[in-house]
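Chains: A, B, C and D, in written order; residue numbering restarts at 1 for each.
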Amino acid sequence: MKEKVVSKPEAIAHIRDGMSIMVGGFGLVGAPLELIDELFRQGQRDLTVISNNVGEPGKGLSRLLEAGRIRKAIGSYFTSNPVVGEHALAGKLEVELMPQGTFTEAIRAGGAGIGGFYTRASAGTQLGVGKETKVIGGQTYVLEYALTADVALIRAHKADRLGNLVYRKTARNFNPVMATAAKLVIAEVDEIVEVGEMDPEVIVTPHLYVDFIVQRGGVA
Amino acid sequence: MKEKVVSKPEAIAHIRDGMSIMVGGFGLVGAPLELIDELFRQGQRDLTVISNNVGEPGKGLSRLLEAGRIRKAIGSYFTSNPVVGEHALAGKLEVELMPQGTFTEAIRAGGAGIGGFYTRASAGTQLGVGKETKVIGGQTYVLEYALTADVALIRAHKADRLGNLVYRKTARNFNPVMATAAKLVIAEVDEIVEVGEMDPEVIVTPHLYVDFIVQRGGVA
Amino acid sequence: MDIKHRIAARAAQELRDGDVVNLGIGIPTLVADHLPPGVDVYLHTENGLLGVGPAPEEWAVDPDLVNASKRPVTQTPGCSYFASDQSFAMIRGGHVDVAILGALQVDAQGRVANWSVPGETVLGVGGAMDLLVGARRVIVTMSHITRDGQPKIVQNCSLPLTADRPVDLVITDLAVFRVMETGLVLTELMPGATLEQVRRRTAAQFEVQLA
Amino acid sequence: MDIKHRIAARAAQELRDGDVVNLGIGIPTLVADHLPPGVDVYLHTENGLLGVGPAPEEWAVDPDLVNASKRPVTQTPGCSYFASDQSFAMIRGGHVDVAILGALQVDAQGRVANWSVPGETVLGVGGAMDLLVGARRVIVTMSHITRDGQPKIVQNCSLPLTADRPVDLVITDLAVFRVMETGLVLTELMPGATLEQVRRRTAAQFEVQLA
């Protein structure tokens, strides 16, 4: 059996300058805050961040943004972090805004080998401008393409040593889908159990999606 | 609270001649065999059946096929039931064959408000002939449209009275996705429990997808 | 009852027993307090919960349990948790019966602008576009005019539209409009409001069909 | 060891510790019996299980637990169950490391025909097309010739192709071919087979690069 449980520094050292990174969490809820802190400590820059929000001022991913280390942000709701708007207006940050359903569906497509899909969301609006459309069943749909990343940083509740994951309440959010769509997936978890201790009917993320497991509160 | 637990005859009486019906199950495993029996008993005809297989000779959906009550079958693998091939060759049955991944993804699209999607499966093959294609990232993808139905007959292990469902082992298969893609969803279950008895973290089909619940072995 | 609660109470009358309802930020969150007796609804929040309960006491706050406004909530019996992709599959796929949301502007066709104010540093759309195209029925609750006295119901929105699909019902502190093929139809005046008032504070054409 | 097991054993040598592997019907199902020591693989079956174990004793058969051939199987520790849409998301999305499957024909470019025989009443494609486009690595195991002595490795398939993507490796009772940019490359002879034999029973052009 491959050893997937590693230290935070080991896991995050796989991230290099210029990479694209998916980061789970709805605001700070369900965000892999310890992995983000380690990424802040290690100093990688020129990152493309795919995340629904980009933290909150002074917290989570916003620390990387404030330090000028994020080149581009792809997400759906940066309203809760005015730093994003300020950096975007100042030309220091490229921003790609998507409807939240399109955002999460594009990530699912990336993980599921779907090249693109048609959604009604954004048809006839500013966010749909310049996008290919198609009339299906009398309604206008917008073509959206799959979204993938080099690395996904996700937060789960429990892992077994193979990498099977379960989540807790609304901290689940974007984490399971992001686990499917990146070349390398690192999960920050509250608890690690032995193989066979998790009920196979309730595993949300099967182990084939997970490369590394990091125990929260572990040695930095 | 709306009463969703009904008798088999009541549930199946919602099906009318000419309707399209999704039916869960991988072969007979996870197929709602009691609902199918009741449908056989009630006599509806001219049906379009969306099902991975169409039962096995003399069993499950094949009984309806053999009685000439299925007009069209949409699925991926009729190999295990030669009756399908015979009826198709004799011009008594219209058949639409899809790669299994495309079949299940088209149903997901139908349930998820996705009008269509691009998949690599069937590109450059007989099953892709006449379908719109698109080159994405240097590879040819085939456009497939969403699949929906008037009614879905599914099989689950347990339901609560609201209609939340969990499944058992590989009897899960197409059931959860079909539960999302029909106007009316009827679930045949082994056991019905009270609201609040199911762990909210492990529910596979949330109750908003389920219209009626039928207890297996109940009065016909 | 203050005016926000009166708007919310009117919206609550639109709900039917068993409805799955998604409530937006602001007035919509108050709707849950005004359900008619015998009407059980199931609150859906797009961050991944069907069966949202009221805000907890401070001692009972669970940091992993929030609604789409990131406020602490509770869970109700029969609830379920799911991931964002599944949550938006429900929304886009027409499995949410009613979405109740706020708006910055509504046009004469009943289309809504509620996600962007050009020039402001606020950048976000969230689930607004998905809810507007996907919910079976959409109800807007809002104040009839802006804080500085400008009409919010306008012939054409000056702000960017959220969807090309019109909503079904608009409820303000002054009036209720149903959205028909022909556009806005004033069907009710809120208690104390006059037709004259509504005409003065509305910058869009509308029909009048008061009961 | 009979010839089917010898083919399966050769295929098993291609697997690496930790691989997620999908096994087709026939010879591929035998691969699990021949894993080299120290190599743990996880068997994926497209009907919704990662972590397929061997067939059970008759008394232990669970009717709800089958593989893609609808045969009873068991579950292994660390396994998980999921629905068909999720299973094919894994397959198409490149999360299955190796698919091992049978073929009716393989062409000179390494493309496979394995789903349809025109004129027969057998109608089915199942997961074959998805596995061929989605698995990171595809290995074909098959007899070198048909039962009536016809070559199965042919310049152009007379049967309908399963995918436009070539496979990576073809293992028969006579030989192992790697599929390169240029087409088939014979890299190994199976014990007892000769190059002459392989040439005589193969109807496609191939390079020879025996070690």
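Basically, a contact is a pair of C-beta atoms (placed from the backbone, for glycine too) under 8 Å apart; a residue touches a chain by one contact, two chains touch by 3 or more.
Here the structure is a predicted model, which is why all the values come from computation and not from measurement.
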Between subunit A and subunit D, which partner chains are common? B
Inter-centroid spacing, subunit B versus subunit A (mean Cα positions, whole Å): 33
Quick one: report the Å distance separating subunit B from subunit D, using the average Cα coordinate of each chain. 29
For subunit C and subunit D, let me know how many angstrom lie between their CA-based centres, rounded off. 54
For subunit A, which residues are shared contacts with two or more other chains? 105, 108, 112-114, 119-120, 167-169, 201
Two or more other chains touching the same residue: where does that happen in subunit C? 75, 81-82, 88-89, 91-92, 133-134
Report the topology of the inter-chain touch graph, choosing from line, ring, star, complete and other. other
Can you list every touching chain pair? A-B, A-C, A-D, B-C, B-D
Under the stated contact criterion, what part of subunit A meets subunit D in this complex? 1-2, 108, 110-114, 160, 162, 164, 180-181, 195-196, 198, 200-201, 203, 206-209
If you look only at subunit C, which of its residues touch subunit A in the complex? 45-49, 62-68, 70, 75, 81-85, 87-89, 91-92, 116, 120-130, 133-134, 160-165
Contact set on subunit C toward subunit B in their complex: 17-18, 20, 40, 42, 44, 50-51, 75, 77-82, 88-96, 133-134
Of all residues in subunit B, which touch subunit A in the complex? 105, 109, 112-120, 134, 136-137, 139, 141, 145-146, 166-169, 199, 201-202
Can you list the residues on subunit A that touch subunit C in the complex? 26-27, 29-30, 52, 76-80, 82, 84-86, 88-89, 95, 97-102, 104-105, 107-108, 119-127, 140, 167-177, 204
